[in-house]
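Notes follow the structure.
Residue numbering begins at 1 within each chain, and the chains themselves are lettered A, B, C and D in the order written.
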Amino acid sequence: MKTIFSTKNTEELIPKIEKFIAEELYPLETSKTLSGNFSDVEPQLHELRKKVKEMGMWGLALPKEAHGYGLTLCEFGQISEALAKSPFGHFVFNSQAPDIGNMELMHKYANESLQEKYLEPLIKGEIRSCFSMTEPEFAGSNPTRMGTTAVKDGDNYVINGHKWFTSSADGATFAIVMAVTDPDASRHQRASQILVPLDSPGYEFVRNIPIMGHAGDSWASHAEVRYHDVVVPQSNLIGAEGAGFLLAQERLGPGRIHHCMRFIGIAERAFDLMVRYAISRELREGTTLAHMQSIQNFIADSRAEINAARLMVLDTADKIDKHGSAAVRNEISTIKFFTANMMLRVIDRSIQTHGALGMTNDIILSYWYAHERAARIYDGADEVHKAALARSIFKNYGFDVTKK
Amino acid sequence: MKTIFSTKNTEELIPKIEKFIAEELYPLETSKTLSGNFSDVEPQLHELRKKVKEMGMWGLALPKEAHGYGLTLCEFGQISEALAKSPFGHFVFNSQAPDIGNMELMHKYANESLQEKYLEPLIKGEIRSCFSMTEPEFAGSNPTRMGTTAVKDGDNYVINGHKWFTSSADGATFAIVMAVTDPDASRHQRASQILVPLDSPGYEFVRNIPIMGHAGDSWASHAEVRYHDVVVPQSNLIGAEGAGFLLAQERLGPGRIHHCMRFIGIAERAFDLMVRYAISRELREGTTLAHMQSIQNFIADSRAEINAARLMVLDTADKIDKHGSAAVRNEISTIKFFTANMMLRVIDRSIQTHGALGMTNDIILSYWYAHERAARIYDGADEVHKAALARSIFKNYGFDVTKK
Amino acid sequence: MKTIFSTKNTEELIPKIEKFIAEELYPLETSKTLSGNFSDVEPQLHELRKKVKEMGMWGLALPKEAHGYGLTLCEFGQISEALAKSPFGHFVFNSQAPDIGNMELMHKYANESLQEKYLEPLIKGEIRSCFSMTEPEFAGSNPTRMGTTAVKDGDNYVINGHKWFTSSADGATFAIVMAVTDPDASRHQRASQILVPLDSPGYEFVRNIPIMGHAGDSWASHAEVRYHDVVVPQSNLIGAEGAGFLLAQERLGPGRIHHCMRFIGIAERAFDLMVRYAISRELREGTTLAHMQSIQNFIADSRAEINAARLMVLDTADKIDKHGSAAVRNEISTIKFFTANMMLRVIDRSIQTHGALGMTNDIILSYWYAHERAARIYDGADEVHKAALARSIFKNYGFDVTKK
Amino acid sequence: MKTIFSTKNTEELIPKIEKFIAEELYPLETSKTLSGNFSDVEPQLHELRKKVKEMGMWGLALPKEAHGYGLTLCEFGQISEALAKSPFGHFVFNSQAPDIGNMELMHKYANESLQEKYLEPLIKGEIRSCFSMTEPEFAGSNPTRMGTTAVKDGDNYVINGHKWFTSSADGATFAIVMAVTDPDASRHQRASQILVPLDSPGYEFVRNIPIMGHAGDSWASHAEVRYHDVVVPQSNLIGAEGAGFLLAQERLGPGRIHHCMRFIGIAERAFDLMVRYAISRELREGTTLAHMQSIQNFIADSRAEINAARLMVLDTADKIDKHGSAAVRNEISTIKFFTANMMLRVIDRSIQTHGALGMTNDIILSYWYAHERAARIYDGADEVHKAALARSIFKNYGFDVTKK
């Protein structure tokens, strides 16, 4: 949908991307790939990456100086929506989490040697990476409590810890690990981000965690890992020591735009499937699902909610472009819970419209129903964002709710 | 909240308006005025109209050629939000429904003589008017069925009919009446809009309809009226004969923007009251309502929903400005049900936060809770808009759901 | 609806009551009475009370030893549902709050002299009473904080305080006032309940509070009152000194059953109106509202929710009859918020079905929409009950959430 | 929870069953079994079936004359809730769908020879069966349209057709197939139910349909199958020819009680997990999830909704026991959509409470989240039941909505 946020770039790129995705990726969404392992379909996706490069569309998310397109966040948001219409879209365009976040971070904060060794092949799509932050023992809503430690030993760090939901660790070349470097520092300055090559001795890949009945593999997986006295040089530090929390925050601003626009792309595809099925499924001679007012309500509510969410996310992206993330922290919280919930409602309505078919992997919906449920949990659960937003609103009224 | 739709005009006007409304109108919202008749407070409001004129802010909704401000619809939408923060705001700025709609209509379609005699004093705020369309015997969602007739007799029309929800008829100088002029025409060309002076013989003011326990009076009322052989010259026709439905549609586009932005203004005020009460109401030593996560959820959800609705309405207004109403009929349906429901949820949460106080007329909330419930009904009930939107979406997919 | 909780008593009484209410009370629900003052219709209701006595149906809520019917709570709950189908039902059968609660309390805990002087005429319907607990300065969810005091002076109490939502104080003969008699006692033993004749010097009737646009009068009103050095003999104490909180709790068990069944009766009537209107309102030739699936959804959801709520309330009443209130405290919290919310949803759907008519006082719905909104607030707001219920559930799992 | 529907049987049996399930089945719910195939855990379950027989608890669902317990439907409903607390419960007690429905049907309607050959080993748990009704080409909400045919040829039927969601066909010994035997009969008399041994020539097992990312196997699977000129003797008919729809309806009454009570058991387990996690998961020193009001709201709402649903289902079961299914068709529709939606909300809240853990197969929740989504679809989608219920209510008011 064209909005006030459309630009020359988006108007030029998006139709091409949508065409490519519909023609090349939709056919790959089969009941086999949607209920199998990612590695089954991965070779085909690597072939398609070549096509993307040939079309000159590699690096959509990257700044010009990293040989990227130099799109604004608001523009890339709109691209991200288009990519999300297939679960393989971001991967084929090398814009997939967590690599995209690692690229942005390393582009800004990694030293030259790390950039040469790790960032460049990552940008080229030759290797994959992961981000190792969440720990099973500590609630995610409190990033200042963390069990993983990086202790200095000569020129090295010795890292010990237990992480899970280290997404895409399976097959990754390196992890960026969040670890406590100074337990005595003030709460937000205890942790640092350190690059750890995953062939390091002491790194233990415990398992891909079974999620909703399937452990997945390769890029499409969420690993539990352990670090047992893993030794890396201190030069593997990303950014300043103690800046781990700060960098995680910085990652979150644009990261949330990417995610939210991905949610919107998924919702649009689920919407499109819902409408197509409604008009084609006959209940009895001459009467289709589209004639049912319940289905009409699903469609109307979904249309309204998707449109509203998109405008809110793009408005936020536009403000980040203009004023930086810090200025719109409330909006960033807001779009996260609003958009995630919207997406899940639209998926759910589309499944309900499809009836038994909606449960199957003959179409994409159940894949998203299962895997995107996490959208209300990761990067801050709904409840955490809502409380944070309310606290911040109270503060604007001069009331500090953290003090009794 | 500043959005991408802010302009020099809105940035200049809105702070002044908000200051005026807070200083001059909030004090008029007393338990007496909120549970009494409009005529009790009317003289004070007429005094304030003078102030508005002195401030040079009269005619905000009017085009330049009608000595107005010449704001775009998108700009006036933002003004309308500000005005809506008090139930007296639109009236004091002479931008109240139904007069504002009648002004727009007559400015475009009334002949010179009608403009001189009726439109000019209306613009000056010397008289009031009403719009007489809805009939108790026919469901509102089907504007092509109508019992009121205007039969030609020489140079005159003879009008007979029964209307209700003719808002603000009490004290109005004239009504614009929708009546069937050609029962044999095709469905959308049967009716015309005719100006009827309310001192015409045969006009019967039946009653102000009691709504939610109160019949109201003057501008703040909804009348049941009857037309018994009311005779008016054919020159009282507004627009072409048979164009009644078309003009009603044309009225609806901008009218819906006005309404929806009014809903948003109300929601913002309800939100503001909710936050202020939450931080000030103590539950026990050192613990306020603001410390309660349930209240935090109310506030966060409300913030998200208001922001989303505003962007969607202003985006629609902007598109009407750029491309006309016809191009965004779907968006116009969408904002109506989305915004009305949002407003009612926010009012409801604010009442719940206020507890027993929220039920009283010591604050404005219960006034809106009762009177704005109609927002989901008039100008097309939720269900009607949703079905219309879905039908139109199906059409874009090449499927006509009206045919079996 | 016949349920497993039907008994010989309910099967005999309810059809008679429903017939009486439909024939005698429905005709009194006019747009005039529904938007006017209670005192306008009160004389007619007193006439009908005579009929009720003649039918031998006076005292349905009272125990046999108080010349009542001796129904179980579960049986009276079912009667209460039937009475609630008209807003005048409980009054005509002298089962209206707050008198019914005062009768139960005084029957058990008032001394003989108070019973003779106040309870007997109350039971006969010759006088009315009120219960004066809520204070504007203190949040209702914390009954142990209270500003009203009763200080001993010789044989008397001297009472000072400020109350509001003292329902039905207008025209009442006496109030039962909750006042702090021992500020140094443990939290739940500070207050007592004291009978105060309302012709006592120092009693100030401040106002009937305007609620949703109308202050009401007589029984149908909620007063703000003040007690300035009001002197009553200590023998006006109800129950033991310091037992105020305990008696309030005891009042709440059966009181909540009454209320919840009243909610269900209202919901059933709103449901009945919704169905009748749906099948009779034509949208176009041969198509009624009943043909619309949106309306069908309203009706189906309402049917399910009412049935569920009724069973849960009656199951709770049955358990109170068998095991006492203390054993089912959780159930009592549960039914309050569940049933109040259910009722408001059903009323709302019925209004939406009625369209513009639903906003008017030509039918009963808007009356309930406005006045029953309080159901989610009084006697413990939703949020308070939910938190209390959760705390109690945690306790059953051995976890005390009140301690950190 | 003890309710008015508890009996001596339920009070005796349920504690034993709950103990067995907690001790024997909960330990089998591992991330391996929950993301693997049923056949991996099946041998252990068969061992446990022996224990169940030794405990004398085999045949809980069967009438006395079939060597069962002879429980009422209302009693077995309560048992079914207890069994549902583990996904393996019903299987271990040989009360799993679709076998239990086939047993009931064949007990009543199969001839002696079929009973001997198929029903007896089914009751003993030696074989499994399936029920082959749904067809991909026809919407499930219209059971009178069907593509599968059984044409008489001498003493045989020749069956052709395409079915899916033939649950548990993988490994089953026979199917009961719904096929059209008389296409010219009136709508509800066209189809018959015919027993088809699955080793019959012409029977094609197409696949286990991947559902939410996993095709499953053995009992825990949903097959697509085809019948190509499958020949069975006419004596394999179950019940009368043309009675297929009627028998399907008869199956649905008790079947719906089984399902709904299963939903309630699942909801109770999800609730239990939610409470246990809330009180044990620390957010920061001394503060657990249980201290969060959002979580308290989840718990309170869930408690209310489960209790309400249970009472409604058992009340319906009790009425079926007393008056037969036909008398409570509306209640049977009502409990289906009410209970399915309740269960899914409770599961969803429990997942949200568990955060990232809730997504994994380290606990049972995501298994149910994925697989029980179908509860709002099979045996009549929500929308179908709501429309049917509304239609029936209109009929009670004398209005036939199927006629225009």
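In the analysis below, contacts are C-beta pairs under 8 Å (C-beta built on N, C-alpha and C of every residue); 3 or more make two chains touch, one makes a residue touch a chain.
Since we're looking at a predicted model, the values are computed, not measured.
Asker: Once you count every C-beta pair in contact for both, which comes out on top, A-C or C-D?
Answerer: C-D
Asker: Tell me whether subunit A and subunit D, two copies of the same sequence, contact each other through the same residue numbers or different ones, using over half shared as the line for same.
Answerer: On the two sides of the subunit D and subunit A interface, the residue numbers are mostly the same, over half being shared.
Asker: Centre to centre, using CA atoms, which chain is the farthest one from subunit C?
Answerer: A
Asker: Taking each chain's centre as the mean position of its Cα atoms, how many Å separate subunit A from subunit C?
Answerer: Whole-Å distance between the two chain centres: 52.
Asker: Please compute the C-alpha centroid of subunit A, do the same for subunit D, then give the distance between them in whole Å.
Answerer: 37
Asker: With chain centres taken as the means of their Cα atoms, state the distance from subunit C to subunit D in Å.
Answerer: Comparing mean C-alpha positions, subunit D is 42 Å from subunit C.
Asker: Of all the residues in subunit C, which ones touch at least 2 other chains?
Answerer: 292-295, 297, 383, 386-387
Asker: What does subunit D use to touch subunit B in their complex?
Answerer: Going by the criterion above, the answer is residues 292-294, 297.
Asker: Can you tell me which positions in subunit D touch subunit A when the two form their complex?
Answerer: 31-32, 34-35, 134, 136, 139-142, 145, 164-165, 209-215, 281-284, 289, 292, 294-295, 351-352, 355-362, 366-367, 369-370, 373-374, 376-378, 381-383, 386-387
Asker: Can you name the residues of subunit A that touch subunit B in the complex?
Answerer: Checking each residue of subunit A against subunit B gives 3-5, 275-276, 278-279, 286-288, 290-291, 293, 295-297, 299-301, 303-305, 307-309, 311-312, 315, 318, 330-331, 333-334, 337-338, 383, 385-387, 389-391, 393-394, 397, 399, 401, 404.
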